[in-house]
Amino acid sequence: AGAMATERALALAGDDPAIMNLPAHSKGLGQPVAASGYGQPSEWEKNLQRRQSPGLTRVPQSSVSFAPLQGLFGIITPSGLHFERHHQGWWDIDPSRHRLMINGSDDSLLKRPTVFSMDELMRLPSTSRMHFIECGANTGMEWGNVAVPTVQYTHGMLSCSEFTGVPLRTLLEMCGADFKRAKFVLAEGADGSGMTRTIPMSMVLDGQVLVAYGQNGEMLRPENGYPLRLVVPGVQGVSWIKYLRRIELGDMPYATKDESIHYVDLLPDGTHRQYTSIQEVKSVITSPSGGQVLLEKGFHTITGLAWSGRGKVKRVDVSVDGGRNWTPARLEGPVLSKCLTRFNADFVWDGKPAFFQSRAVDETGQIQPTYGELRKVRASRSIYHNNAIQSWALAENGEVGNVQLS
Amino acid sequence: PAFAAGPAEKFPGIGRAATPAEVKAWDIDVRPDFKGLPRGQGSVRQGEMVWEAQCASCHGSFGESSDIFTPIAGGTSAEDMRAGRVDSLLPGANQPQRTTLMKVATLSTLWDYINRAMPWNAPKSLSADEVYAVTAYILNLGNIVPAEFTLSDTNIREVQERLPNRKGMTSAHAMWPGRELGGQARPDVQGSSCLRDCKKDVTVKSFLPDYARNAHGQLAEQTRLVGASRGADTSRPP
Amino acid sequence: AGAMATERALALAGDDPAIMNLPAHSKGLGQPVAASGYGQPSEWEKNLQRRQSPGLTRVPQSSVSFAPLQGLFGIITPSGLHFERHHQGWWDIDPSRHRLMINGSDDSLLKRPTVFSMDELMRLPSTSRMHFIECGANTGMEWGNVAVPTVQYTHGMLSCSEFTGVPLRTLLEMCGADFKRAKFVLAEGADGSGMTRTIPMSMVLDGQVLVAYGQNGEMLRPENGYPLRLVVPGVQGVSWIKYLRRIELGDMPYATKDESIHYVDLLPDGTHRQYTSIQEVKSVITSPSGGQVLLEKGFHTITGLAWSGRGKVKRVDVSVDGGRNWTPARLEGPVLSKCLTRFNADFVWDGKPAFFQSRAVDETGQIQPTYGELRKVRASRSIYHNNAIQSWALAENGEVGNVQLS
Amino acid sequence: PAFAAGPAEKFPGIGRAATPAEVKAWDIDVRPDFKGLPRGQGSVRQGEMVWEAQCASCHGSFGESSDIFTPIAGGTSAEDMRAGRVDSLLPGANQPQRTTLMKVATLSTLWDYINRAMPWNAPKSLSADEVYAVTAYILNLGNIVPAEFTLSDTNIREVQERLPNRKGMTSAHAMWPGRELGGQARPDVQGSSCLRDCKKDVTVKSFLPDYARNAHGQLAEQTRLVGASRGADTSRPP
């Protein structure tokens, strides 16, 4: 009410020049259609960029750029702001010369090793589905302590798109796969890293895994694997092989570099968990969030994202008192499986300090853990799969900071 | 029969049989059971030459560099080689970085990766013998094979049995989608659904220290110019 | 089978150089992350641009650019390819100086005339929803005869986005609106045209109309009304006022220029239908479509879009024989209300001529009409609201053309 | 009370009362019942001066130009003015273009639009009197008012009753969402759900003539370089 009184006083103090002096755009002729055949965001939005976290990686071709979640709405990530993770740089590949090969680790697993051109793949029955993609290392910097200031850096290895492509199962059927014996699939990229990952056959069989060329209505972006990538819903991003050139059927997992030396999770007993694929139930408040300063007391909307690699988000609870009490947030539809879900909750700021936290529950009953609950089992050296509840602290001066609570 | 038949008649005109030469050109993966490993051999000494010429600039002469990536060798012991578990991965071991040799459990992984991706700026340029040699050199850096050793497709299984962390991996978890790996059905971590009076005290255990305030640049320039908030001016104290 | 035999022969004739000679991207180091803080499509996709239809309009600031539907996937339109319709040019407005005013046509209809800043609007409870937007004049050039060659020009005044904003109802409630007497809403833009349209109060009351700032996860694009536009689901695009500056409550419709002189539909009896808002059930096959040439016989996917301003799409039938026989197509989920729905159907081309047609049915039971059915009632001078079934003719040489059938 | 109270307490801090001057500055709309019309007046002769100076370059001296937009005047008759319906809108009337005066049913529409949007390159620059004047001039072009006429807020209702197409609009349709306008519940057009043997003959009634093949540019450059098809090369015959 105090803030409002000030507002009103200000208003009564005079008429708003932004209203009284008609702006140029009300009194002139604007720009023509098709000024850009492919349009761009407003010049006023330049602050929202994907960015690197200084010091996180040593070379920019094997690195990460984070999506600016603090400024995004809804569930679709603009493709220009999709997070990046490359191991040996990205390419813009001539699609007319790109090929997909399907073979077996031996002849008995697959009857017909086959080569497909993009022309051919794009003729096959396709499906379009919205899914999140999250790097297994997302929030990895925060396993031990608070390390970075904003949600862009804590959670920005996360994006969500509508993907279009052919179910891998269709292709394997065409090639005469022996689904009884071939329990694993190796997917391999055409880039320098020749990125390879073992893909669960169960997800191929139930039609979830896509050989995708479309992303948010257009072709994949070069940074995201143009012209072909694998989509493995709910599974960490490294399995979504970019520049996909080859699929091999096998009867054992492949222990590739990025599932043996990296993307393995160190447990307290010194063993590494291997083939940890699923991204567990998780959520984060994107606004108000670290590095932001609230302008005024009064009504605010708490907004954020929730997701689960196991299926649909069922509920998101929000707390503003450090986790003493929680209130269910509003979920924005459509709530889709293995897709981001936007949640919103009301908050009236009285000028006192507060904490913002969110906790997601998925349709399998998994509940997002606190740091305490997570570390009790996995300690804090796993690097990957940190799905703990994120806490933001609001100070009296309106500034919001990244914190971890008892 | 593998190359004889055409694609399924369900989708006429789509796909064509891969030729044996084409499959050979692209099917380069090497599995943990060494299926896919080409014949060949290379000595530690030959490997040292490859290493100094094509690898050391990034990884350091002894695989110790962390300028480019985590170090490749270091942190393993003779005891680890016998047991197949690396002690320095245990909590409190005071090991500054987790090196490649501390983690790798399957020798195929190293061979396959170097063969497909290294040198980083010229991947797939090494001959099979060069990959054997440089792999031997790395193993020697970790004291896993002696200096006069020659690694080959015939003795690689024996060397696998000396890898320090060969028993260091587990699939006993619920994070693989499917039952192909055994694993576990029940996730290991579960949160609480408490809604009211869930805890008494709230203490801030960790926060960004003041000196790191500007470590990610000026945050005022990293958020939108309108909305409920502005980016904090991190060029000044809070 | 003939085509396949040829293919195989070709394959056996030699190994594919695109496979045998490893491409540069398999043997080198690619580009770094964040090479573009805001990424762009592949260089190979440059052909897909929004374009004007030559001769359709006289000045490019009051004109249309069409979205390249022939190359799009799924239901989300990439914001860079969103169709444009400006009446007095577009602007990139400073959002910190933009205001929304709400007033009544007299004091009795609204208790508190109010001014909102963008800062304030973005604090209110918001919702995110996916909706199509179609210009009332979409397909208008084809009322009489075939006039344009491709689906970009026949149907490209159509796009679909996830919009985020505040229900207009919330704002009107804040201002103390008299919903009993105020049956109409005037929405007004801040651009030179000061575009104004009368909005149905019934759609405001049921929460459908949004005051939106978000589009596909980021802010609206300047061409689409940055920083604020009205979203009126299912209603023709001209009502989705861009650069929204003012909302007025009234007790009668406003008969603005673009609902009295334009966007009125001329009937055979010489009267004009006024306030024709709803975009009726409609669909179009986007591929194969006019101006394309099929490369090969054999299996092809027929793909297209269906939508209805009255609700969800219930079914889409596809015909390849000129409308003699129809087969239900596959609908891709999620099927959302007043949103595009992607459909797919199988087609094996035997090399003979064929016709491609699609026919949508919505959840209210409305069925998309043929040109015959439509013209029987409305003749062919309406300009707006042409929702007839589109026909494409496939010739023996593989070329697809735009036709209208008996 | 309209400007006294603050915004609803449900959302504290959001919105502020608009001042009377602010509302006056932006509330410029004029409704069919002429609510919102400011006082003022302007003669046909004054209007002619405004028109020649600020409008004719785009619309032509007699509102006849179709270089910029459809013509403003033309196609109406004295008979139309009496009946309130424009005959040249009937099928077969052989009227080349539908002019503004043929369509407009509410004079407020013209006044409001010129006031808010014209001249096109300098909208909202005319005074109220100038808008009256130039509206009078347009009406005179259509022979709706005589050359000596002065249009004003006091006589505008009478002129409304002379508009040639004032009875030419109908809301008796199902395309307004809601019942505010009366209208009709049932859409006027319905398709058929026939699935089998729906018709006998299939004839192509209309197609793009060969001379128009390239009228939208080279289509080969307007579609993707891969996929099931390529764009037709429209620089050559099919």
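First chain written, first letter: the chains are A, B, C and D, and each begins at residue 1.
Definition applied: contacts are C-beta pairs under 8 Å (C-beta built on N, C-alpha and C of every residue); 3 or more make two chains touch, one makes a residue touch a chain.
What you see is a predicted model; the values in this text were computed from it and never measured.
Trainee: Centroid from C-alpha atoms only, then distance chain C to chain D, rounded to Å. What do you get?
Mentor: Chain centroid spacing, chain C to chain D, equals 22 Å.
Trainee: Could you grab the centroid distance between chain A and chain C? Build each centroid from C-alpha atoms only and quote it in angstrom.
Mentor: Spacing between the chain centres: roughly 27 Å.
Trainee: If you average the CA atoms of chain A and of chain D, how many Å lie between those two points?
Mentor: 46
Trainee: Do you know which chain B residues sit against two or more other chains?
Mentor: If we look for residues of chain B contacting two or more partner chains, we find 6-7, 10-11, 13-14, 16-17, 22, 26, 120, 123-124, 224-228.
Trainee: Enumerate the residues of chain A that touch no fewer than two other chains.
Mentor: As it turns out, chain A has residues touching two or more other chains at 11, 16, 19, 26-29, 44-45, 48-49, 51, 59, 71, 88, 95, 101, 115, 119, 123-124, 192, 194, 219, 227, 245, 295-296, 298-301.
Trainee: Specify the contact topology among the chains shown, as one of line, ring, star, complete or other.
Mentor: other
Trainee: So which chains actually touch one another? I want all the pairs, not just one.
Mentor: A-B, A-C, A-D, B-C, C-D
Trainee: With touch defined as at the start, can you tell me which chain C residues reach chain B in the complex?
Mentor: These residues of chain C touch chain B: 1, 3-4, 7-8, 10-12, 15-16, 19-20, 22, 26-29, 95-96, 117-119, 122-123, 219, 227, 296-299, 348.
Trainee: Per the contact definition, I'd like the list of chain A residues that touch chain C in the complex.
Mentor: Residues in contact with chain C: 11, 16, 18-19, 23, 25-45, 48-52, 59-61, 63-65, 71-82, 84-86, 88-95, 97-99, 101, 115, 119, 123-130, 162-164, 190-192, 194, 213-214, 216-223, 226-227, 243, 245, 295-296, 298-301, 303, 330, 332-334, 336, 342, 344, 346.
Trainee: Which bits of chain D are touching chain C when the two form their complex?
Mentor: Residues 1-3, 5-8, 10-11, 13-18, 22-23, 26-29, 31-33, 35-36, 66-69, 85-87, 89-91, 98, 100, 103-106, 108-110, 112-113, 116-117, 120, 123-124, 165, 168-171, 173-181, 187-208, 212-213, 215-217, 219, 221-232, 234, 238 of chain D touch chain C in their complex.
Trainee: Show me the residue ranges of chain D that touch chain A in the complex, using the header's touch definition.
Mentor: 6-7, 9-14, 16-17, 19, 21-22, 25-26, 120-125, 224-228
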